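This report refers to the structure that appears directly beneath it.
Each chain gets a letter, A, B, C and D, in the order it is written, and its residues are counted from 1.
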């Protein structure tokens, strides 16, 4: 049985020694171990893939005893993470997830797709995934979110993926899923926050555009960044051409971010991510 | 009506003048014009998007009169190109084309998919596209190709896209579609020609891997290169992880190459491409 | 004799025809020609490298007659551009220019270096280039600039290169050299405008950092962008490590921007650059 | 006092535990620790920066006792590495090292430069570094190498940096400095091994070129790769333009490789590098 052991802690001498002592004494194989110390804030992060017969409670208790109560210790069984997807009308991010999932390249469960437009229904239903069309027109933001929550919450997702969901979520929604909502923003953040970043990029005359996958918090496009990538553009491209070119970057960046998250590689610390 | 005017020619003084004179006198709007002269070989390439009421024959004749018989002049109406796809068992390249086509991001007709494995049938048929399973077992290469040609040839494709078709085509097949077969090779050519380039890359310990879209000719992985891109890797990755990471690059590179080709931007000259 | 013919103009039918007619009739060889039309603003840009015996006045007059008075036509003789450099204390940008210049990779004249710290004197004087130390302490911005202008202005530079000059120039200075001052900013603009962008990037937790070469106008870090490039970073890097890594990007981006500018490839239009 | 503890070993259970136990018991602060296990070959690599009062012998002995004799354990004091540079006639790689060294960005000692052309003498001597011009004409390879060794060997360098030294070293020379000679090859290896890779790249029509820093062994351009990077090119560039553009990549890649090596981050294993 494979487990992921995830620890974050105030740094002090001997943490690796104490962790590895417990793992050694309990007879685990360590398949992969990485640690990182943020010197500035004296903060310790640890991730290991361990293999063996685990008595979960015993191991956690032993670790707690060695490391002290203030350490945050998680022991995660290697299982398919459960994703709920939110979208509006663009197919590229959503379609990429569907293809990867269908072909076995993305080991997750897809619980459903909710969208505030209906045009993606046909695509989603091709793959046998429930599609919920919940228009926003004539509703307050929170009313709209409440309707979406009615379909999302009962499925108990590990993560909610905003695959080009083009509305801003309110704190009401965000606080239901702390550090569990991932958005793809179609710019190299913090450049071009907000609406139509390709148009902003075109108008600013940048020579490179990008995309950013980040956790959603209550400040627009300001959550911890998981992954980014870029592509060169030039003066010959209209902003629509930049958008079309950028879509490939968006889906690739979102895909890489999802992979990191479902492998439990991403620690959030302050407004940053540590990726082990 | 929009047309693409494509000219390649031995270079000499006044070509641009003569071409633009004809276009001006005929009253065309030139939406986009690019030319390139290969100094080394004194070779001239020209592409323009022109708009206006064309009498095709008249225009071609006038251009021929001005430029001389040795110039290669094409006047291409802006219409959806017709693609036939070939694949084996991997879904990422094929799936990306299907999603782009379905969502309108790739303005082509997809005539069908032929594959030497059957596992992609379900995916392809979801999109209402004919899928032809033609196994290669127990057949000579040419016999297998003949069977595939029986389904491909009647559809009269502009281009054949090898979306991870994992067999080598013989001259018998290639010569039927000169400069019209596009392959995606999963390495940064000319590094790692041939089988399992990710394993080759892993074993060589490179720090960057890539993908190459190229026209297919009779030398393995040696046709004119249309597009390439790369991604960083490191010693922590197994070759399977490199392959998974590389798949995103493959599909993006293939997608960009298809876009260039269907917009008639790619001139082949010797073993190279000129992209206007 | 080689010349660069640079034209920008309101777009209309037949511009390329008229230009190429003049060049053809005057018997020029066109070594390289590129044009671009900004459809949105109906603006035409043209650059050609032409070779032949030019009677400058005649050619310009003929072009003016064909194109009309409102076109901006320049005929630039291929000669070494004259650069004046400004720096503060970091050696990487300045050193890179000096090495390229000394080894013949950068065909320019370097007229001098002015700096508001003295530590670069030794490096600059090794290369036999005048170094002017003009401290800013106890002076108003404009007073300081006036002193610098006293050494710069008499040398009559084509371009002023800010090779990590860490002070903000006032309109008083900038207006003396419109579109002739080039700065390297150590971030991927418009992200992280202003002071210490590496620290800003570190604190925001971005996964990629960059550098931007741009013309200086009167808004901080907001002039037309000439060139940009980026490099991946990760959570393990302190901001000082990002800065060290970024220095390579800064100097490479600045070097590419200088090359584009001295080859007269950069048209400024609004707040953007067209690069032909 | 800072030390780097470097260990490579056949992998087995408990290695991290045993190492961290010794470090904990001896009271070291661990500033940075990374380990990697090559699963395929069951090989363990470990690097830590440790701080404290070290009795070198005691620590090494304790570690040996815990880990067993077959482990390769090194304890390296943090001191400036000693580099000897070899070049031919191009200034960019050499110049970049000189500027970084002179400005304090590269904490090394530069013992001297040997070259088989004389034109770099002026640049090198500007920086007060001994320059040895040792022409190869009329000598066998080994004779030439013997002459170079006469100036290099007495300086006892940690590493020899081939900053565009355009001759092939024989086993006679290479074996004197096993895993201590670093070359920059001006292509994205393994593409374009051997002479004039930019010309090869131009002729093959690739869309991206690169550079590779690698250890030198007895097979041409086939030693373990330390670092690589790339840049996009297009059909408009001559091979000379590719070369000029590539020079920036060469020097940046070489600089990054030198930095990794002098920080003792590079383990060689088979024909690959592990970078911790």
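Keep this in mind: a contact is a pair of C-beta atoms (placed from the backbone, for glycine too) under 8 Å apart; a residue touches a chain by one contact, two chains touch by 3 or more.
All figures in this text were calculated on a predicted structure; none of them were measured in a lab.
At the interface between chain A and chain B, two copies of one sequence, more than half of the residue numbers in use are shared by both copies. Which listed pair repeats C-D comes down to matching contact pairs by residue number; over half match for A-B among B-C, A-B or B-D. Distances between chain centres, each the mean of the C-alpha atoms, put D farthest from chain B.
Separating the CA-averaged centres of chain A and chain D is a span of 37 Å. Chain centres here are Cα averages; for chain A and chain C they lie 40 Å apart. Listed for chain D are residues 39, each touching two or more other chains. Within the complex formed with chain D, the chain A residues making contact are 13-14, 16-17, 20-21, 23-24, 27, 29-35, 37, 39, 232. Residues 36, 38-40, 188-192, 203-208, 210, 224-230, 234-236, 238, 270-275 of chain D are the ones that touch chain B when the two sit in their complex.
Remark: chain C residues 90-92, 95-96, 98-100, 102-103, 105, 123, 126-127, 244, 247-248, 252, 255-256 touch chain D in the complex.
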